[in-house]
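In the two complexes below, chain A is the common chain; its partner is chain B in one and chain C in the other.
Showing the complex of A and B:
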């Protein structure tokens, strides 16, 4: 089958996957004690009153309108069905958490770019560092550099992100030994010019920049170096925490793959043809070592998304992770459903990309 | 006259490959595996030598050692000489790594990285060019993620750069004068085959080999000679591609320096072997000067080449691809144009082995090592591959070291045969002597264990009792003595030397039944 049919099939498979994900999260929420649920949906309104007045949420004078998203009187499957219909209409519901209050779509557009900034920088850094380092140690197994590399990667593997993050915070942020990095937020409020420039949309203390919504990129595009620097300083510690775990994983796999493919016959063939050692390592050993590495990339991406949740919590970094955690703690059904949907979508798409790259790098794979 | 004749004889008998007292060991956690214990043999120009023995007797280790491809760790060549075309490739073997044997299981190897680097550099210029190898398992021997064409082109691009550069330069700067001489020379040759050969040579030299058929057609056309000459001129001037010759010249300079460095390093290595301190001093100076010069002159080019390699290599890749196609046709691959862009897994075993042979022959090596090239193939393909190797041997005049455990194949292919047992060469003789007049008890046993047509049906097939010994703790003296039915007392204590028989100088046997000579061990 051709590659595009494979991609099409996988994109179609997205639908049942995400539907399953939503049903699971929804079911988990609906199995919570009813009172807890009602309380989170209608803060401050007694249980019975909520039921009676469900349809007229506006009358209750809540800060936002429930707009009929929640239908407590209906059976659960119908409730879910109505939610899905609203989802397609662009109404993902509402949420109230400490860092945000408003529509879920609004929350995602505000916080997702920050997370994207972290994840993209961390992935690029991890790949750029791990491939040469992994190649280096993989080409000299059981030498001193390999042992050093092994210790380095095992630490990265073993140390949980929240431990590393906390250590980094304790050492490098305010009150630490070397207080050079800020400790919270994606950028300091003081770094934003007053009044905010036209490319910054502000609502309260939240800002959305255009055109890319990623503050670092946008501030560079508009030549605001001060804000760019400030944002960069805020991202360094969380990025480092994320990168280390990711890097260790990729490096281990490249190293193992290199040691394995160095033993293969075709490497001997290449050497017997007079191919210089440097090119043997780069073209013959490493290219084959990258295949298993790319296979596990899908898993590594999943762990990266998990890591983002923890890292943002530790560094109070306003991103999707922090949003998800707060939504879960406050039992905000729509908040959790919405963020889960986004995470699920990213994970599935990332795995699709991994599979396509896999097919490109290994001619034996045909879809 | 006599002297001249002697010289001629010397040239005829000049061994392309000569192995002397080769000792290869593997240092494993279970102990030292004494895989090769002083193997010596010679292969002359155009000769095919077969190595035969049971599994685990050291045939493949011999082949891999000759290429110096023993995986390190755990293995190392410990002692000996491998002289390829007059140059001992392991002349500095003792300096490459210091091996300290504390006990069987505790061996410390100290490698000298700098010398190993030099060693690898020298070998990268010898492997694939003077000596190349075909492996046992074609499906594992080709890189699965690289197209067949790319793999064949790799050695071509490594070893023929200067030649290709020259032909490109000649093509781009061709003059009317050159075309005229070519034309008149070609006209002088009346014989069609000879003319074809000449045109082939000339087109190769001028980088237009692709269009040699059209040029030959021009010759055969009915037009007047003036007209043909004009057509030829137009045609050849039309072939000019406007390649940037300055870049081509730089590439040629770069590879020329590499070549010079290689030659200097080999001379240096030989000087070191002979402990000629004066020459060592001189050559080291020259190497340093050359490196300094190349660093100065080619610095900019090296950086450009690193980033623009793909673009700069376009004319080279074009020529290499043409040669690769030619090679694929040479090894009888049908539909070479299609095969060249396919990946190894898309080909059958026989095709893969043909591709391997094409790769091995890409730079017209003087020695070809075939390590059980047909074992993994089915019988009909086996026959085809053997036929192919035989044909190619006649065409290219390559010497072949043929390793197999199939005595039938050996009888078919080889001029002489070496019988190996437990890391030793126990008998070496021309094919007929081995089959009709075997001497060593092991050879006799080996021959008896072949199913034969002249034996009565129902008779038991003989075999040699016992099995190949564990080479961590090999038997003392002659390694064959525990299985030998002619065992004497001396066999347990001393190791026999491989010596010529009194009545046949071509047959050598290592057995106390024929000679009392003892292999000296240090």
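Showing the complex of A and C:
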């Protein structure tokens, strides 16, 4: 099969997966008690059908009415259909949590870039560190450096993110032994110039930067080094916590793959042909060791996304994870459903990318 | 004259083949030192967890204390409980609660729930997975698509959402949520195993001699599905303890509750003091207990994988 057909087939397979995801979220939605649904639709207004919808929209200052958000009395499949239509219309409901108040879509567009910043930096760091280190220890099984590397990996694998995070926070943030890092938020409000420049949209105490919405990138693009440094300092501790777990997960598989593929016949052949050891390790062993690692990448990404929730909660970092937790704690139905859906979408897309990369690297699986 | 006796002893010595197999497995596991160490640590943890069920006099004074909400003047009662020195070996928390017995009580709660989660998850998953692998067709398709749905959301996020949907008010609700999340892993493993087993000659032979489908599933397939499930089960003990503690940590972070002995909750209680006055012990020691258990379970699981794999065996 050609690669593009493989990709096409894989993309088409997204449809049932996404349908499943929607059904799951809808099932969660339907299993909630009615009183809760009504409560979070119209905060502060007693329940009374049509009048409320108009009033609710007016009070919340919404661009459209809440008409059709919740349909008690309709048959389930119809309700599901209306729910899906509503999602595509961008009407995901409303939420009020300490870090945000307004539409769920707005919350996601505000906080998703912060999470992306954490996840991207942590992934790059983990890959940059784990591949050379995994190669190094995998090429020398059962030596001192291998044992040290394995212990390092095992600790990262076994230490729960919230324990590590709590420790880093208590030691390195304000009031700790070495207070060099700030303790909450994605950047300090004091680091933002007054009045805010034109590339920063502000609403209340929330800021959205353009063009990428990722503060670190945007501030660098516009040459605001002070804000970039401030953001970086806020990011370091959460990123370190995330990276360690991620790194350990990847390194474990690279090492196992290295040890496994070093035993293969083609490695012996390469060595007997006089290929330099450095090239044998790099080209013959490592390339094949990375394949099993890529197969488990989907699971690793899933645990990374779970880790984001914990890390953001521990460091009070305003991202999707903190939003999810706060929505759950404050019983914001639409907040919980929206963030769950977004996390699901990210994971589904990540799995798609992993599969395509896998097909690119290993032509065997396309046939 | 001697021969009947000899025959008798020989018959006695010849144990059931399954039993011999288990003994052989244990012997192999003992040879793998890391796995054996992991196994011993796991056993010690479970011994602590079971202790209170067997003889409540050791931990009960502390549990009563925790449940009563603590008091300023708390002295360990004399008698069979831990002595004062031992009880305070890891210091005390904000609520004047000695940490060591608090941890022991928490291990009981954590491990009981973890075993319950993993056990129920494995039971549901193995039964559903084996049946769907054996019968195939629409049933298989439906079960596998359902498991796909569960794998399309990160575990922790899904757990939070389900806990929310259940309107969780106690630890037991977290347990139910985790059971809902954990069975698909086992369903997938046992389905794959059942698929490869069902075309084996011994299953065909049993069908030919009149076994019903369900008999095949429960008598012939399930025992052979269990060995990869055992490996996953032992590894999952570690991840479930971690996820459970994490969920409790997240859930109680906004509302510390000293009445609940649970490792994640002890860390929540410890955290505020850690950041306020640098009292690291209430975070470190429960963390270490959690950490050691996860490591031990992983060592045991890795060892079990090597031992139970028929290709690597012998």
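FYI, the second predicted complex is superposed on the first by the 319 of 367 C-alpha atoms of A that agree within 3 Å, B and C clash if a C-alpha of one lies under 4 Å from a C-alpha of the other, contacts with A are read in each partner's own complex, and residues count from 1 in each chain.
Methods note: contacts are C-beta pairs under 8 Å (C-beta built on N, C-alpha and C of every residue); 3 or more make two chains touch, one makes a residue touch a chain.
Please read all numbers here as calculations on a predicted model, not as lab measurements.
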Once the shared chain is lined up, is A:210 touching chain B (first), chain C (second), both, or neither of them?
neither
Give the label of whichever partner, chain B or chain C, reaches more residues of chain A.
C
What is the contact status of A:109 with respect to chain B (first) and chain C (second): first, second, both, or neither?
neither
Considering only the touch criterion stated at the top, classify A:176 as touching first (chain B), second (chain C), both, or neither.
second
Once the shared chain is lined up, is A:337 touching chain B (first), chain C (second), both, or neither of them?
second
Would you sort A:274 into first (chain B), second (chain C), both or neither based on which partner it touches?
first
Scan A:364 for contacts with chain B and chain C and give back first, second, both or neither.
first
For A:266, is the partner it touches chain B (first), chain C (second), both, or none of the two (neither)?
first
Touch list for chain B against partner chain A, complex
64, 67, 69, 71, 73, 120-121, 123-129, 132-133, 135, 137, 140-147, 154-155, 158-159, 343, 345, 356, 359-360, 362
What does chain A use to touch chain C in their complex?
16-17, 20-21, 23-25, 28, 31-33, 36, 154-155, 157-163, 166-167, 169-170, 173, 175-177, 302-303, 305-307, 309-310, 313, 324-325, 328-329, 331, 336-337, 339-340, 343-344, 347-348, 351
Which bits of chain A are touching chain B when the two form their complex?
142, 263-266, 268-277, 283-284, 287-288, 291, 361-364
Hey, which residues of chain C end up touching chain A in the complex?
145-146, 148-158, 160-167, 238, 242, 245-246, 249-251, 253-254, 264, 267, 271, 274-276, 278, 280, 283-284, 287, 290-291, 294-295, 298
